[in-house]
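Just below sit the structures, each encoded as structure tokens.
Okay, so chain A shows up in both of these, paired with chain B first and chain C after.
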Partner chain A sequence: MRNIIEAKNLSFTYSANTPFEKAAVKNASFCIAEGDYIGVIGHTGSGKSTLIQMLNGLLMPSAGEVLVGGRPVWEKKKCRRDVRFTVGLCFQYPEYQLFEETVYADIAYGPRNKGLPEEEIDRCVREAARLCGVGDELLQRSPFELSGGQKRRVAIAGVMAMEPEVLILDEPTAGLDPRGRDEILARIREYRQEKGKTIVLVSHSMEDISANAQKIMVLSRGEIRFFDETKRVFEHARELEEIGLGVPSVTRIFQMLRARGVDVPGNVYTLSDATRVLAERLKGGGRDA
Partner chain B sequence: MLNGFSFGQYFPGESALHRMDARVKLLLTIGMIVALFVAGGAVPMALLVALTLLLFIGSHIPLTVLWRSVRGILPLVIFMSLLNIFYIKGPTVLAQFWIFTITLEGVWRAIFLAVRIILLIVVTSLLTYTTSPIDLTDGLERLLSPLKKIHLPVHDLAMIMTIALRFIPTLIEETDKIMSAQKARGADIDSGSLVRRVRATIPILVPLFVSAVRRATDLAVAMDCRCYHGGEGRTRLKQMKLHRVDLFGVLGYACILAAVIGLNFLPFGVV
Partner chain C sequence: MKHIITRDLTFAYEQKPEDNAENFALRGVSVSIEKGELVAVLGHNGSGKSTFAKHLNAILLPSGGSVTVAGIDTTEEDKLYEIRRRAGMVFQNPDNQLVASLVEDDVAFAPENLGVEPAEIRRRVDEAIELVGMQEYKRHEVHRLSGGQKQRVAIAGVIAMQPEILIFDEPTAMLDPRGRAEVMATIERLNRERGITVVLITHYMEEAARCGRVIVMDEGRVLLDGTPREVFPQVDRLREVGLDVPQPTQLMHDLRALGFSQLPGDVLTEEECVEALVAQIGGAHA
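Our next item is the complex of A and B:
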């Protein structure tokens, strides 16, 4: 697979040369391949948001460089604006960015900035709305009349409508109830299946990430501690515990079972895997089950 | 982009200026402004410059912080100084071209004006840097409390000011966030014609207003929940008391003002 994003020795320092100087990201190097589903996890202040804002040219790295589609982001100004359409970034609490009179117009804001012809805009808007579960009946309403979950989906649709190669979502489920959370995550999975585009999901919930991402990037104090396939990252359970992140609850239960001598695999990360493993064992009628 | 904004931000510290009573500081700041306008010559102005420098050094405020609040006003200062250089006509001509005449008097006047405005900003910035917004509005409320007699809602005004000051940094942060979010959707804020630029601010202003109103509602509910009902019968956690530093402050100021007035009558350096 071709690398869509390459980061080389990225660093970012806030308030450089003042007493408040703080290194938010330190010397991060990584590649994101086309079609990847990457989960970025870390505590508040671990540099997640800073890192992703450097990937679409919103923040200029203090050192290092970012290549998007092989081209350096900070070389030309024109280039930088194009990058924002290639790497779509959906901020935390994106519903606070809604401003248009109708939901339709708000979703169309991105594609219109991209300079697409009108019929193309219409296609993008309707497709993004469908993918995010925003019904046709909502399109002509004011975004300010909608419920919290609906607003969130409209805002995500606004970024999807730009048809970016990479979709970065910063805590898309923050502040939603469990049902809203599952709905959003399912929409993102569907979008990926249908479009095959790259996705970067930022979250502090191990559960959300492990159930969705193929690869996990673990950030701690501005440094990338791990960046590998989900299974391999969870093998470092103790280090993750030290960072204060831990592994998903299901995995922990299975590891505790193993410690007590129950013969179950130690690499179960999602509820569905757990159900499958347990069902097999019960059917097989094993001694410990 | 907006990180440089610092006017009216408290900078905690332990200096004499920090310890001074907010009411006294408020009055002395007004006094300093009066002194700045009373000073009519180079000598009294130099005295005030020295005093301001002394206060600034004593307050332990970093120069970079102060510079940020002065920087914003510089274009205005330069513009006004330029106007003065060209408009004030005196007998000593320095240079002459086309319709412009630059005289020594005009140059003096321009420098004088620039120094006066910059000192004004520095002195008021020192007040806000060394006084927490809460102390500042408390002090203001206490100073204005005699006006309650004529049914002026002093407490409410002070509360409004406290809240406004408290939310300035929050709103700046919010603006920054919304700007980033819209830029991520391809907003082009800093290029194009004037009309395009004004139009480009709509996607930033609308969400900003919406969130400000939401914040205000939340705050009102939170205050209601804690039984806030205006200033009637409200007591303070921190009683304001005058200390020795306040006395020295007032005495020091009296001396300076006397000196400025006295120096004005000196026969030299009058501009």
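Our next item is the complex of A and C:
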């Protein structure tokens, strides 16, 4: 697979040369391949938001460079404009960014700025609305009349409507109830399946990340601690807990079982895997295991 | 002593609710909460749990039925401030609740407005800040704090009014795991050490599992009401109304569904889950 994003020795320092100077991202190098589903996790202040803002040219790196589709983001002004459409960024609590008079106009804002012809804009809007579960009956309503969950889906549709090659979502499920959370995550999976695009999901929730991402990037104090396949990252359960990140509850249960001498794998992180493994052990095991 | 009593409480946001039964956010909620209880209220968005919470300190008044808080009927207009002082509320977004730029000024805001003596304000502010574990940050600027720290300052601000009841409306929803743990520990401590009655509205099942009692709401009614050990094993029922259960409970439930009925169905914690599995499979030292 072709690399859609390459980051080379990326660093970012806030308020450089002042008493508040803070290195938010330090020397990060990584590649994201086309079609990947990447989960980014790290506690508050670990540099997650700073990092993703460098990936679509919103922040200029203090050092290093970002290539999107092989082109350096900061080389030409034209590249910076293009990269905003290639890498779509959906911020935390995006429902606060709705501003148009109708849901339709709000979702159409991105594709319109992209300079698409009107019928193409219409197609993008309707498709994104469908993918995000925003019904036709809502399109002519004011976004401010909608419920919190509906607003969130409209805001995500607004980014999806640009059909970016890479869709980055910063905490898309924050503050939602379990049903709302499952719905949003399912919509993102559908988008990826239908369009074959790359997804970067930033989240505090190990459960959400582990159930969705193929690869996980773990950030701590501005550095990439791990960037690997999901199951490999969970092999480092102890380090993850040391840097203040929870591992899924089932992973901890399996670690505790191992500590008690029960022979189970250490990298189980989903409920379905846990159930499967334990069912086998319970069947075959018995007390003599 | 009954600290909070709601009797057949109904509420409609519309002015003329009789036109449509669906306009009712609450449809007959009867709950009584003892002094010193720590009660979690669960329910998906639109279940009525926030509407319920807002009745407990008279932000909303019943369309039908009644709410009595610390012995006061919430419709008694001249007792409004008394109710608000005795039943304090903490909301989801700490940024919307903080008013001053320094931590201790913010905590002093409410007692100042209540006309408390300066020396007494000082004492209360120090005590409240210590109770939420923010003494090191007393003179720090509020806007430089983390989400969890801000939320603890917001709690201290309510504590400085010396309430007997605290109502938390999803206080950890906007926080990261560390902030969530800090705030939850603070809530438990206020309940345990100060005997404050706590009503905690939350989406997080792990938080609810740590409370003495769990009330599950659905469509404006109480669906389940009991200890976590009575409520969470009803996995299918909870899933039907769009809620999760703690992962250890879910794991045991799924294994039991596969026919391993020798496993207990009322497991809540990871430790209990491990004990139950070791007892069946056998560890090396068993």
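Everything that follows uses one rule, which is that the second predicted complex is superposed on the first by the 272 of 289 C-alpha atoms of A that agree within 3 Å, B and C clash if a C-alpha of one lies under 4 Å from a C-alpha of the other, contacts with A are read in each partner's own complex, and residues count from 1 in each chain.
Convention: a residue touches a chain if its C-beta (ideal position, glycine included) is under 8 Å from a C-beta of that chain, and two chains touch if they have at least 3 such contacts.
As the structure is a prediction and not an experimental result, all values here were calculated from the model.
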Touched partner set for A:271, first chain B, second chain C, both or neither: second
Which of chain B and chain C A:123 touches, first, second, both or neither: neither
Chain touching more of chain A, residue-wise (chain B, chain C): C
First (chain B), second (chain C), both or neither touched by A:260: second
Which of chain B and chain C A:250 touches, first, second, both or neither: second
Partner chain(s) touched by A:195 [first = chain B, second = chain C, both, neither]: neither
Partner chain(s) touched by A:84 [first = chain B, second = chain C, both, neither]: first
Overlap of the chain B and chain C footprints on chain A, listed as residue numbers: none
Chain A to chain B touching residues, read off their complex: 15, 18-19, 53, 56, 58, 81, 84-85, 88-91, 94, 96-99, 109-110, 113-114, 144, 158-159, 162
Chain A partner contacts - residues on chain C that touch it in the complex: 43-46, 92, 146-147, 170, 173-174, 176-179, 203, 242-244, 246-248, 250-251, 254-255, 258, 260, 270-271, 273-274, 277-278, 280-286
Contact footprint of chain A on chain B as seen in their complex: 3, 62, 64, 177-178, 180-188, 202-203, 206-207, 210-211
List of chain A residues in touch with chain C within their complex: 43-45, 147-149, 174-180, 204, 207, 244-246, 248-250, 252-253, 256-257, 260-262, 271, 274-275, 278-279, 281-282, 285-289
